[in-house]
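Several structures are given next for inspection.
Each of the next two complexes has chain A plus one more chain, namely chain B in the first and chain C in the second.
And now, the complex of A and B:
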């Protein structure tokens, strides 16, 4: 599926490339949240904080300090991860609603700082015109690799995003399939019991929190460039709720669930906003419908259907 | 050192803001205490209360007493809306995971806020003060509008009335019991379903009332719902989730921190309330007057 995504710019429309780039970045963002929500059972209302931090890090480094993308991108993940470690330390000491409220509080603090710290973050206006990474070296490569040259900067960035998102998703996949991931699922199922068998639940949760922050920061770094600008609302609580909805919509029990959710939500958004401005109304109605009919999200419903089909085939 | 009358004026504006916030936050706290869910849509009920009050004033004109009719009408209308939402939609989600209940309240926010945009458009609306409460009084060197004074008196009055209902009436006892142990209450023969609907209706009434009363003081704009709900969250967290007087105390603290924050650290005033919220959650998660959840 990833390979197919590379051919999107060949379709020629800038809109499709734009859409696919949007989906790829949000898929990473949502999957990073799912590490917390789906695999560890920790519902965070403030995940956009790390997304925002990643975006601002890359933005400030590249625009104001001229740092190359190769350094600015990992820096986004590192700084977001570091802050996730600090915030997470306090958050994992709490459970359920208090955990959620503290993640929200920290996210709003990040937002407030981005909103008001005019000198560094541009304040309410944000930072428009983040430069694209330097793609000029590709012309050199295009001399001996025929089909590499001749694309626009936005398309080069799309390819770059695909590669980076693909790497991140692969890493996340390895993480959740590893013993670490199994331990997170154990904690999700019954944290108390995990404590009884000697697991330091808080430490594992903190690790999950920090990792989720790192990948959210990386997604944010990409998004800042993609969006050609970084703004405080990247960290506002409604952004956190958007990504949470994507995760739940697609199905938090499956690794690719959030990706499906991101795809569905972004495509629907673009389709519907071309007809009407009342996207929220439609999204809300869809959500309510899904809640009453498909509690497992789209991904969950598809998985359930798949299982039903499989048992039918076995019985036949 | 700023002069005392200025400090007093700032403090009063903080108190006024606190009283409005208390009206909304008390409804939120009530729903959380009894139904154990954070109702994101509560801010939207507040906004709808404001729009409804505006609409009623448009219909009835600005004659004497019309403002109060509008306020009461709006609050009752929102109460009915809350009842319908609870009875026909929310009730079916009680068995489900909390996350899905929260998601439902957020979906409500999406639907209702767009509905408000469809009905009333996106331009700012406002309602003028009721005749009789226009003008202001001078107190210790500060100029206080009569309307603000009214709110400053109404807030504690409602708090006391609320307290009375909760502590001294049969219905209040049921509400408190449901907050502690709903299953046993049901086993004792109380109609818990009706109680839940009643609580939701009451909370929605308070939210709508808050929205309607705030119209002469703040402009009615889309987005006032997402703004107020976060403020209400801060208040109930600081005061204690589910604690009634905690909500009152939380509102007072919030109001003072915000108004003096703007005075002394204008750039960090927003930051300071969230920092306070985080501090409370870190040091004493169940809030200043709350009790630890089971």
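And now, the complex of A and C:
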């Protein structure tokens, strides 16, 4: 899928490149949430906070301070992760709905700060015209190599996003398949029992929260540049619910579930809004259908179908 | 090995434990019995750190461990199984036991190694010992009740405990399952030099394997001693055994 994505600019229109870039970044954002919701069993209603922090970090560093992307991008992850560590310290002390409410409360604080702190964040107006990373050197290289170069900055940025999202997804995949990831699953399955196999539940939950924050921050850092601007609504609760819906739609606890969810939701959104203005009505109906018919999300339904086909082949 | 000194616990005015003391010596098999509501599970939860007692102390291996967290007690060598079956239902049988090894041996913060490769032999060996080798790949939530109890024992043993606390290990089992399960527990305890402390409602089980019995009634110890002592104790007959044989 990643390999196919590289050919989008060459084969598709500018619009498809734009759409694919949007999907790639949201896929990373939703996958980072899945680390919490799907693997640890912690439902966060405020994950957009870290996305927003990442976006503002990269935006401010690149636009106002002229820091190169090479430094501004990892900084997004670091700062988002650091703040997730601080907020998470309080959140993991609570359980279930109280945990969810506190994540939401912290996210609203982040949003309010972005909204009001005019000198730094641009306040309500946000921060338009975040520059692209410097791609001029590529044209220099392209003079020596065939098939490289000749793309627009937005297309170079798309390739860069794919590589970085790919790297982040690979890291997340390693994490959920690691001993650490397995401990998170034991917490999701049975926190009381996890304590009694020696897992310090709060500490592991906090680590998962901070890691999810890091990757959400990195996604945010890319999104600000992609969007050509950073705005306070990046950290608003509707963004948190959007990413939660993607995760549920694709299938939580399935590694590629949120990617499928991001793809489905973004493509549907673009298709449907060109026919009707009642996008939220359609979205609501899809969610109801999903919850009753495919509680495992699209990914869960596909996995179940796959298993059924396999057993049929075995029996035949 | 384990000493409980004057432990008291109240829940909103209700006295669940009113100054309970008992001693468990190394490599012994002891049982706590008592009618429903006598405070057995509460006592277990206090010993294993799930509840903080209002008064009294828990001494484990000559150390005061009163009120320390379950995951720390676990590292000190205290394992437990629960009355309600307590496993990781959507993980496979193999993964349940393997997770216990990973956590206990301090590998739980490793973010990079593939978890499947860790402690394979140890896990297989332990599944063999608790009789679950054939079900290793099954999702544990689909095991029979008896199978889940065996698995719980497997998880507890992966933590290499010195003392194992079992809360009603045969609850909800048929007579045949109970017999097998007790034979298994006895064999594992002697093979692995374990100290056992268990609660049980099945008197036949208690009198067949326990060396020491403590009888709880309304949050207090009313008798303590060998099965013979307890069987002969007048008060025990009156409050507990009597109820059943009347």
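Rule of thumb we're sticking to: the second predicted complex is superposed on the first by the 315 of 316 C-alpha atoms of A that agree within 3 Å, B and C clash if a C-alpha of one lies under 4 Å from a C-alpha of the other, contacts with A are read in each partner's own complex, and residues count from 1 in each chain.
Just so it is clear, contacts are C-beta pairs under 8 Å (C-beta built on N, C-alpha and C of every residue); 3 or more make two chains touch, one makes a residue touch a chain.
Just so we're clear, the structure is a prediction, and the values are computed from it rather than from any experiment.
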Message: Just to be sure I read the superposition right, which of the two partners does A:129 touch: chain B = first, chain C = second, or both, or neither?
response: neither
Message: Just checking: does A:97 make contact with chain B only, chain C only, both, or neither of them? Give me first, second, both or neither.
response: first
Message: Which partner chains sit in contact with A:189 here, chain B, chain C, both or neither? Use first/second/both/neither.
response: second
Task: Could you look at A:197 and tell me whether it touches chain B, chain C, both or neither (first, second, both, neither)?
output: second
Query: Touching A:181, do we find chain B (first), chain C (second), both, or neither?
result: second
- prompt: With both structures placed on chain A, which of the two partners, chain B or chain C, ends up touching more residues of chain A?
  reply: B
Residues of chain B that touch chain A when the two form their complex: 38, 89, 92-93, 96-100, 103-104, 106-115, 117-118, 226, 230, 233-234, 237, 241, 267-268, 270-271, 274-275, 277-278, 281-282, 285-286, 293
Field: chain B-touching residues of chain A, taken from the complex the two chains share
entry: 43, 90, 93-94, 96-98, 101-102, 104-106, 108-109, 112-113, 115-117, 237-238, 241, 245, 248, 278-281, 283-285, 287-288, 291-292, 295
- prompt: Can you list the chain C residues touching chain A in their complex?
  reply: 48, 50, 69-71, 74-75, 79-80, 82, 86-91, 95, 98-100, 102-104, 107-116, 118, 155, 158-159
Query: Which positions of chain A touch chain C when the two form their complex?
result: 174-175, 177-183, 185-186, 189-190, 192-201, 204, 207
